[in-house]
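There are two complexes below, and they share subunit A, which is joined by subunit B in the first and by subunit C in the second.
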Partner chain A sequence: MCGIVGLHLKNPELYPRLGELLASMLDCMTSRGPDSAGLALYGDDADHQPRMEIFKDVGLPREICERYGVAKRSGYQGIGHTRMATESAVTTEHSHPFAPAENMALVHNGSFSNHASVRRRLESDGIRFVTDNDSEVAARYIAHQVGHGADLGDALRMVLKEMDGFFTLLVTTATQFAVMRDSFACKPAVIAETTDYVAMASEYHALASLPGIGSATVFEPAPEEVYTWTR
Partner chain B sequence: MTETLPSSLPLAESTPAPALPADARRRSHTFPPEVVAQIQRMADEGHYEIRGWGAKRHLPTFDDLVFLTASVSRYPLEGYREKCETKTVLGTRYASKPIELDIPITIAGMSFGALSASAKAALGRAASAVGTSTTTGDGGMTEEERAASKLLVYQCLPSRYGFNPKHLRMADAIEVVIGQGAKPGGGGMLLGQKVSQRVADMRTLPPGIDQRSASRHPDWVGPDDLRIKIEELREATGWEKPVYVKLGATRVANDVKLAVAAGADVVVVDGMQGGTGATQDVFIEHAGIPTLAAVRLAAEALREIDMADQVQLIVSGGIRNGADAAKALALGATAVSMGVGPLIALGCNSRTYLQDGVEHDATADYRALGTEPGYCHHMHTGMCPVGISTQDPRLEARLDPEWGTRRVINYLKSVTMELTTLARACGKSNVHNLEPEDLVALTIEAAAMAGVPLAGTNWVPGSSDCR
Partner chain C sequence: MDTLNAGGVRLSCADLTTREINAALAELPDGAEARIEEPWGRHNLAVGLTNRITIDIDGNAGYFIGGLCDGPDITVDGFVGWSVGENLMSGSVRVRGNVSECAGASAHGGTIIIHGDASSRAGISLKGGTVLVGGDVGHMSGFMAQAGTMLVGGDAGHALGDSLYEAVIYVAGKIASLGSDAKVENLTDSDVLRVKQLIDLAGFDHIDPQNVKRVASARQLYNFDALKDQKY
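Then we have the complex of A and B:
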């Protein structure tokens, strides 16, 4: 009951337009998630180091993007989420993206069915949670695996083994942009790739106004397949 | 103390009872007619009542819990198209050859002696056909059950009857039995009528004499020495086979932790509804705690010592159907084990039995035991009307092993289908992903025992958190 979008820019000429492109993609996902919204934007700082910033809040995506001046922001990749809460509260903390580790962000569409058990196991490993949101469990699970040396693709494949339910996940790190769907692939997802960018959204119309979309390779990610792009 | 079985005194010719005066309807709560009858029986016979089966009194059970299945916030799986995994692995902690089951439902330990050889073999064949294990019992392993069972758990009991290194090595797993839910703290019992020559030979005891097994293991008492015993069993079997420790559910939290400390790969917790071939009625009805409470305590204990991922939990005691199994799994069991259920599938308490392809009515035989089909708990007598719990060749012939095997297979399959139906409806592609958060309770007692909220509230009695 949520919408997710993501943009991974390959062509640096598009970097100044990251915020503008993502904000309009996110706006298209309003009907999927009018409760709250959020974005994680990745850019290079003055020392050419990657830097991730999270903007999330309660309200409509358009208002939130305006509040944080998202359209004016530049960067090399970003992800966004519009939320229709299922089992946990509508607050800023409960909104996506979840940032379980430095420069890591996750957005999720779907519903996990065994998150309470996975949370208990992570808690017994000393992992602390901020919310009772099921998506935070996936985020912390992935961060935990990566923290123990797994690469992002392997960590996502472990999610397929450990976590039950329905999910489309979009996860980013400073260098990677990864998409994965569960074995049922019920929660929608579409990817468009050109020489300039990789874009992902819950519904195609969020991609429709991207530059050069007419010549993009557009496909639906297959179930249980991890798609990764690296900067 | 020498005891005799109840002898039935001839009753005096009774005269028809006159119409009841009003006072006769003032039933005493403390001394109702059943209690009066019990006291009179004790006065007649001078000893406690011995019987088979499990607790018959009303107890909080899994029936007091219901599932919060999927709807809008969670999504269900399709019953016929989408797989719901039931594979179960037991003994991953130390054993080099863990037990791999196709379903999380096993057959509990029941002895040859309590049951006939063909009943044991039928259970073994049925378990093998559905990919699960069966278990020996007091008195050792029979060739028939070893041959019939693909996966056989060999019990190590206080009596040591029929326990030997040869069979130990022939087993697929070893179960150290410390207690049984029907009689935690008590030993086994096999009354003389069932001690046939073969049973006696296997136990190296005289035939026809009542056998009472020890209530404590003779070579160890307590967890420190249990550790040595477990090591000895592992060494004798090359560290290959999982070692289970079976407990009657009483001080569950402590006992589970101690069993793990002593080196168990698998802990089996048998609640007070668990059945038995024979024991004191007072034991069956007044010792131990209900399975519902036991499973939560055991699962919590494993989590507290951070062993829930390494040590598997089997829960038994009154498990009847897929709903019971699903609830036990949700509360933290890895598998459930059943005894009475499969016996009923074999024909226990059935009005009829099949012999030489012909259906016969056994009502008169039930009546001769003082009971009716559907109410029988007379395993201890050896006079089983349907040929299951007997050593009498005439009665044994009443169990058609092939027919019985088919029925137990059907039963185990049905239970599994019920289990996966509920799991799918909860959105699980694996039955082991059921969790306590999928359940709510219908009574305050069950909510407190299972540690789940009372339906319609977020109140978990006895806990500081709400959900």
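Then we have the complex of A and C:
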């Protein structure tokens, strides 16, 4: 298991509430991943340049959000992850999100079975890894594709060709928010969209406390489709 | 818990745990009515019940709604998550919205009625239950379904009926592709009658029973000799 959440705000009036809304969503996903949790939050700095910050740690999502004051943080988009570790150690480094490039973050629910082969290929191209985690391989693979000129959607579609396994992926850059599920749609995902935001979570109840959710367009992303929103 | 005008029971997810709600439902006498309020995506509501009661879930609910039930008639006024009516034995689960994956998985009996669309793997491993979907179904629906009936009022996704055993799937719309060992068969008069009965049961008004496709097993993938072990 594992839980993922994400929020891409369209309405700037909600920017001050980014952390508060995401912390609540992440807490809802504790049952899917009580080992560790983390978030990537995107805001604008004093020079109006996008700035991404990562907070991740071992323990329950609620405790981690309190420890880093997530609820008080503002911004225009963020993603989060609650981890139930299956294939590598429970440490802060092994926690999601993974940040393989400047202003890029990835959270993953699922598992990759050929991550060792892909890792060897990437290492031979000079890519350096921090952990032996399978999700880090996907993150660095996508960053590698983007670094060679692919747009984020194309890089995600390359994951379908190169990586074997089960996955729901949520990937963000300074301007984009993208969701993709594997061919079998083995891992859950639900998206809610209103005029104010796009929200994504593993399970609907993580979205249920968002403002205006009652009138949101709620749908399940189809397998192998890349869904992208751009700021 | 307070009393409905109709003599039923209100149970609010805002006040009660899932276990408390299911325990309260299980204690109701046959013929009772209950309404579950404020579900907001709560999982495992109205599961494992064996009494003949009527339950309304007032909003969007989560996973396994009505699972393992053997008696009640459940209606959801909203959408639900994965595995609605999973392993249903008898009774019904009606969803007035869309449902996520694995609707009616392994249902042995009873009826799951979905007014909207169902996602992937609807009716997976069906074992005798009836799954009626007014809208579309996602890929791999009817996968390894052994017995029972599915009706799809809209279109079916890829690999419909993959590895089918003896369940039958009727599809009113387009089929993206058939799975291994599934084939379209001629529609007989008894199929038309059966589809008409299913439409009436569901209350659907957009399906022409004479204009559906019957999908069943080509029986090339599995070999089952019921008499093989008779000598023992």
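Convention: the second predicted complex is superposed on the first by the 231 of 231 C-alpha atoms of A that agree within 3 Å, B and C clash if a C-alpha of one lies under 4 Å from a C-alpha of the other, contacts with A are read in each partner's own complex, and residues count from 1 in each chain.
The rule we apply is simple: a residue touches a chain if its C-beta (ideal position, glycine included) is under 8 Å from a C-beta of that chain, and two chains touch if they have at least 3 such contacts.
A quick note: this is a predicted structure, and the numbers were derived from the prediction, not measured.
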- Message: Is A:Tyr204 touching anything from subunit B or subunit C once the two structures are fitted on A? First, second, both or neither.
- Response: second
- Item | First (subunit B), second (subunit C), both or neither touched by A:Arg120 | first
- Message: Per the contact definition in the header, classify A:Val218: touching subunit B only (first), subunit C only (second), both, or neither.
- Response: second
- Task: Scan A:Lys72 for contacts with subunit B and subunit C and give back first, second, both or neither.
- Result: neither
- Task: Considering only touches as defined above, state whether A:Pro188 meets subunit B (first), subunit C (second), both or neither.
- Result: second
- Query: Considering each complex separately, which residues of subunit A are in contact with subunit B in the first and with subunit C in the second?
  - Reply: 184
- Query: Hey, which residues of subunit B end up touching subunit A in the complex?
  - Reply: 70, 72-75, 77, 82, 303, 306, 308-309, 426-430, 433-437
- As the complex stands, subunit A meets subunit C at residues 184-185, 188, 190, 203-209, 218, 220, 222-223
- subunit A partner contacts - residues on subunit C that touch it in the complex: 40-43, 60, 62-63, 79, 81-82, 98, 100-101, 119-120, 138-140
- Which residues, counting only subunit A, touch subunit B once they are in their complex? 1, 86-87, 111, 113-114, 116-117, 120-121, 124, 164-166, 183-184, 186
